[in-house]
Amino acid sequence: MTDMSVQTGAPRRTAFELARRYALFVLLAIMLVGFWWAQPAFINSANLFSILQAVSVVAILGVGVSITMSAGGFDLSVGSVAASSVMAASYAMVVLQFGAGETFALVLLMGALIGLANGLLIVKVGVPDLLATLSTMFLLAGLQLIPTGGRSITAGMMLPDGSTAKGAYDPAFLILGRSRLFDIVPLPVVVMAIVAVLAWFLMERTRFGRVFYAIGGNETAAHLAGAPTKAYRLWAYVISGTLASLGGLIIASRVGRGDVSAGASLLLDAVAASLIGFAVLDKRRPHVLGTVLGAIFVGVLLNGLTMLNAPYYTQDFVKGVVLVGALALTFGLGKKKR
Amino acid sequence: MLRKGLLAPIRANRPSHSSKAIRQRKTSTNRTLTALSTLSPSSAAPFAVAVSGVEKAFGPTRALAGADLAVRPGEVVALMGANGAGKSTLVKIISGSLAPDAGTITLGGRTVSFASPREAKAAGVATVHQATDQAGAGGLTVAENLLLDEFCGRGPLFVSGRSIRKRAAAIAAALDLDLPLDRDFIDLRPAERQLIAIARAVAAKASVLILDEPTSSLSTAEAERLFTIIRRLAASGMAILYISHRLGDLAAIADRAVVLRGGVIVGEFAQPIDFPAAVTAMIGRRLEAAAHSGEASTAPSILSIRNARLVPGARPFDLDLRSGEVVAITGTLGSGKSRLLRVLFGLTQLDQGTVTLDGAPWLSSGPAASIAGGVFMVAEDRWASSLLPPETPGASIAGTIALPHLPRWFPSGILDTMRERAVGNDAIRRLGIKAKNADDTLDQLSGGNQQKVVLARWQAAPCRLLLLDEPFQGVDVGARADLITAIRNSQSASATLIATSDTEEALEVADRILVMRDHSLFAADDGHGSLTAAIGSVETAETRTQP
Amino acid sequence: AGLAGAPAPFDQGGVKIAVVSFLGSGDWLQAFEAGVKRQSDALGIEANISQARNDINAQRELIQQAINLGVKGIIINNGQPEALKDVAQAALDAGIPVVAYDTNLDNPKIPQVEQSDADMARLVLDQAVKDQGESFDGGVVYVAGFAPLDRRYAVWKEFGKKYPGIKEVAAWGVVNDTVAASVADQTKAVLRANPTISVVFTPWDEFARGVKLAIDELGVADKVKIYGVDISTSDIQAIIEPSSPWVATAATNPSVVGEASVRALAQLIAGQDPGHSILIQPTLVTQKDLLDNNIKTIEELQAKFPAFKDSDAAKASWIPEPK
Amino acid sequence: MTDMSVQTGAPRRTAFELARRYALFVLLAIMLVGFWWAQPAFINSANLFSILQAVSVVAILGVGVSITMSAGGFDLSVGSVAASSVMAASYAMVVLQFGAGETFALVLLMGALIGLANGLLIVKVGVPDLLATLSTMFLLAGLQLIPTGGRSITAGMMLPDGSTAKGAYDPAFLILGRSRLFDIVPLPVVVMAIVAVLAWFLMERTRFGRVFYAIGGNETAAHLAGAPTKAYRLWAYVISGTLASLGGLIIASRVGRGDVSAGASLLLDAVAASLIGFAVLDKRRPHVLGTVLGAIFVGVLLNGLTMLNAPYYTQDFVKGVVLVGALALTFGLGKKKR
């Protein structure tokens, strides 16, 4: 069997393939330089960290979304889990007078449990992923408002029963959203980095990640190869729910009050980040690095445009145009022939 | 019908078109069609289909390097070649789903160039592709799938559930197929999928019919039925190109055999076809008869099944497997072979009965438990059971082999891709898998080579009981012999249970052959029988199922 | 359970009205609805309260539904005239009186309750001129398409014309799930790019919170001041924080708006005329006021600013005070 | 081959299967009776038509979504196409002073072209469906605001160049949204019915529909069977875009102005409708009848809850609970054992 075909050792990459792999990096670099040129204040480190801070929540939620996507699912509930977590954290401190630590634990637990509920609905009851998480989304959007009768939660608020809330945001809780490491790096950015590195390691460097992807690729095959597929899919949702509630904690600790929202735009931004991630490194699949880069990409764009005083409505448009451009570049370049 | 052993001289019971002996050619780069036609001077009719100088490269891999081939109306041409020789690539080019890099295709004398399968279909080329996962669409019923070509082509615009059922039933009846018309295609077993693919191609009433390993999961009876149809179609003037690694199939129907190797035609064999020579041309060496004792084993029993009933109402049976033994189960489509294997692997339960493995009761809760307990299974449908989409991490040869062994190989959880690659490269070398390296994804491999990877997966770790369901689907005769030797050598301390619908294959690989019928096992020999006895037993079993 | 001495049908009780809001959530709406409930309870009215959640089409459906339900009167809270005129007319045709708050349905039969967004913006911007002088670099947070914001923004533009020294250096804004956080991110970028900005006008308290967050994070509270609109308990807390950049806000009391709307509708149902225009006067609240009076919540504000607590609009002798 | 398997003529249905098939119908009936009992005004025909009118736009968009889903895609842009259509229709009449007919044609054409652009991005450039339509979504969200500088479009509005718009809504245009057939059936309901019947016929009674489903089931298989799969997928997006712009036209003719906020939640509602449709008749795949029924289901629920004076946040919650319940019932009942 030596005469079979001509073999070359390492895969040679054509220029097209290279361009496809790094298209988003190059675009990002162009954007950075362009904004710098147009507005020198753009490039100072404080602003760059502001950008990272601004995208941290979306990136964290996006990582969760991309993990569920890897396992062949889709978590539509991340936005409302994050929104509910903001309310839950506020409620815990302002109404129940919990401390920062307890609030943290409680909210993360809540996120994990919601993820578990999603997962059970999907793997045990057999509801399709999109459908199950969509229901959860609606359910949470309403549920989070019931304890306070639709009011947002702040210290001294009136409760539905007419009494006044006695608690307040624990100052220790606000550290997460408002302080900086070494006086430079905002803590949310540190959290995002930790989440990203851990998730990347899990998904790309451990056998668990391999199994997540295998399940997403062909669940039957993964099952026959001995993977406990149901447990993995459950875990994917638990991770996603926990990350979403972590995102909610960051929002709460930054804003310092429990604001009412359904989380729809958080969901879309998180999904956008993980979808843009498909194009990063030409992987054509969800992955952690791509998701984080996708979130940063959009963040840089929005920050730069705001600095250049572009009206808010052009921002969405430019976001769309740049997305289409980046995608056309990544996916269109040197496409495989039939 | 009687099917002989692999190396026995095989002759079809039909008049031969030519009395010429073997003609072998080393290369065909400048071969012309006229030269080809000299092979069969008796028929001067124009070719129904002819390709010449066809080339196709996938990156650095040259799948076809100037192949020439021609089929006359009414002629059945067998296309032979080792795994990865380029057969399926040629089929895809003729059927319009791949564009050739060079070369011409003529249909009835007219040069054509198909931009899509649609055009090829419209020009009268009907194809059964090798991959059964492309035989139909899930979400549609069997009836709808039988009519898929009509829907996708120019069938009647308006449809209703009733009309679909009626027309589909007609198609199935024309081929004497009994298919569950209302079931979702996604729930079908590979054999049923294959039957649907065949039915669709035959119903297309094409002038050229291409069959790429159509019988790989069919049993002898179904294959025989297909041959009858093929003969009838050929008699009506259809040109048929038939690809198979089952030499018995080819012997039964081929008027002529063409051997493809390294992307070029290296030999042509007219009637009577000398298969041993063809195989030598195909794999580049002589094939030795696989030697195995067939003697009763006295080794300790590994698996024993007592009073087992697969489904309610079936006759209970016993089964013992001894260490080092290779036992084959054969039987018709749907007789329950796969079910037995699935039971042992923990995917379904016995209706009644006990199973003991190494003396302890064996009741697996699922694949994870089975694998941990040393019971491995190669499932029958590699596309559904083993292949991952190419963009998935772990879709490479190395990753595919490693998947079930990850917990054992990497107990800490952290992957060591070097180790995976080493195992992958070892498999490539050992099984002669045609691939650049262990990082190749499986979609780039030919069907037989994919199957070898799937087999290699379960040889990558020691086991107690190896369950193989249709393990040699699409694997060429040379590789099959290698694989069997490998199984015999490496599995000396374990038992192997093979479910195969191909009797020839069973005879070749097994120490013992059992026949499954109506979800019950019948011993083809009672521990001291010979292979001949086995054949006889198989045959009586088969005749009994068809009263 | 009728109301003794009240005109029909209130003497019988069991009057049902519908309150259809354009908004979907937020403290303003909550307070408005609380006011509606209080006054309704006092009058023995059963109020069916629904929200269109920023969807004008849904608001039409809800009004239509109220007509189907056969209520005795409808309060339309915010909304777009073009979308609502014909359904409001349909309600009138069905004999159901309608009161509109903050949306001009241009119909003599429909009394208008107004809080005058323009007055609110003017109040607070006058304060800005008083504090910062007639020339400064200003920024404004604004998203078009929300009627009250549009009206408040128009006043800002007006001020720009009136005082040539006041320049709009930048305008930004976004409305999404996390308005405060997102506006904070934008504001940081804007303030970095335009360090000369000393005044930010925020026509919505949600925006003000975001800007305040950004100013705090950048540590420029002594240089940039916020002039806002609207007030709530959490707004008060934000304003009275030590060295808060948010120095003044103008607002009406949403509860009072709700109460006055119900009173006006009750008069219509009773066959009386509340007048075509019912105006609720806004109040200017400065940081100094709050600190000097030690006000920490909206309830304390109401106690200490009687003008904020109540309005004489649409009162009648037979209508009991809300409890 | 005679012993292959036991066949029964017509498929026999177990009680579980029957329950699964009709679970949503039964739930709907229970809801109708329950609301009727709690609030007799609920059941009068005007209110029932109000419900149908309220869901008509979501149902039309949902049909588009379900057609793209059948063909294995997903159209995330329907909401923003509808919103843009509202703006485009208003712009055409108010600023460009077009008549009703021209406006209609223009807007439908616009919808079809956006669908075409989506389709080309997907089948020609090879961008994944979700990604392409997400980009379009962002792009349109910004684009629709640019002509008017972010303002809503009303008669007599000021244009960005300082002049005043001279046109107004054509009264003929308003007929679509505001009039009733035989003084009973609102025209949007008629339009919805026509769209539903045509789409149902296309998808269930013509071979085109079968090909759409085949492509969704296994694109390669459909391609090999001779289907011009790219053309079909393109058409799916064109249909979806056109239907979305039709939905936008209905909204525009109802609200009579180009409102920036119109149609914000349409996407999620349309997706919800077609996902709920999965459960109808136990098809477990997108289908037209199910989508329309899904939309009506949610519409009835919301209308009834509003009539019962449930606060808005309990509505979301109840929507979520009923969804989860319905799904658990449909998918959980008599699940297939492995």
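Structure notes:
As written, the chain order gives the labels A, B, C and D, with residue 1 at the start of each chain.
The definition used in the following text is that a contact is a pair of C-beta atoms (placed from the backbone, for glycine too) under 8 Å apart; a residue touches a chain by one contact, two chains touch by 3 or more.
For each chain, UniProt lists the protein as follows: A, D = Simple sugar transport system permease protein; B = Simple sugar transport system ATP-binding protein.
In this text the structure is predicted, and so the values were computed from the model without any measurement.
With centres defined by CA atoms alone, the chain at the far end from chain A is B. One inter-chain figure worth recording: chain A and chain D are separated by 28 Å, centre to centre, where each centre is the mean of the chain's CA atoms. For the pair chain B and chain C, the distance between mean C-alpha positions equals 75 Å.
Separation between the centroids of chain A and chain C, computed from CA atoms only, is 35 Å. Each of residues 145, 149-150, 262, 264, 284, 311-313 in chain A touches at least two other chains.
Touching of two or more other chains is recorded for residues 97 of chain B.
Chain C has residues 25, 143-144 in contact with two or more other chains. Two chains count as a pair here when they touch; such pairs are A-B, A-C, A-D, B-D, C-D. Interface of chain A with chain B (complex): residues 1, 3-9, 11, 204-211, 213-214, 216-218, 220-228, 283-285, 337-338.
Residue ranges of chain A in contact with chain D, taken from their complex: 121, 125-128, 130-132, 134-146, 149-150, 262, 264, 268, 271-272, 275-276, 278-279, 284, 311-321, 323-324, 327-328, 331-332, 335. By the touch criterion given at the top, residues 39, 41, 44, 46-47, 50, 53-54, 57, 145, 149-152, 154-155, 169, 178, 251, 254-257, 259-265, 303, 306-307, 309, 311-313 of chain D touch chain C in their complex.
Contacts from chain B toward chain D in the complex involve residues 95, 97, 116-118, 121-122, 127, 129, 133-140, 144, 147-153, 155-160, 176-180, 182, 185-186, 200, 221-222, 225, 332-335, 347-348, 518, 545-546. For chain B in complex with chain A, the residues that touch the partner chain are 60-63, 82, 84, 97-99, 261-263, 283-284, 366-368, 370-372, 377, 379, 384-389, 391-395, 399, 403-404, 406-407, 410, 413-415, 432, 434, 436-437, 439, 457.
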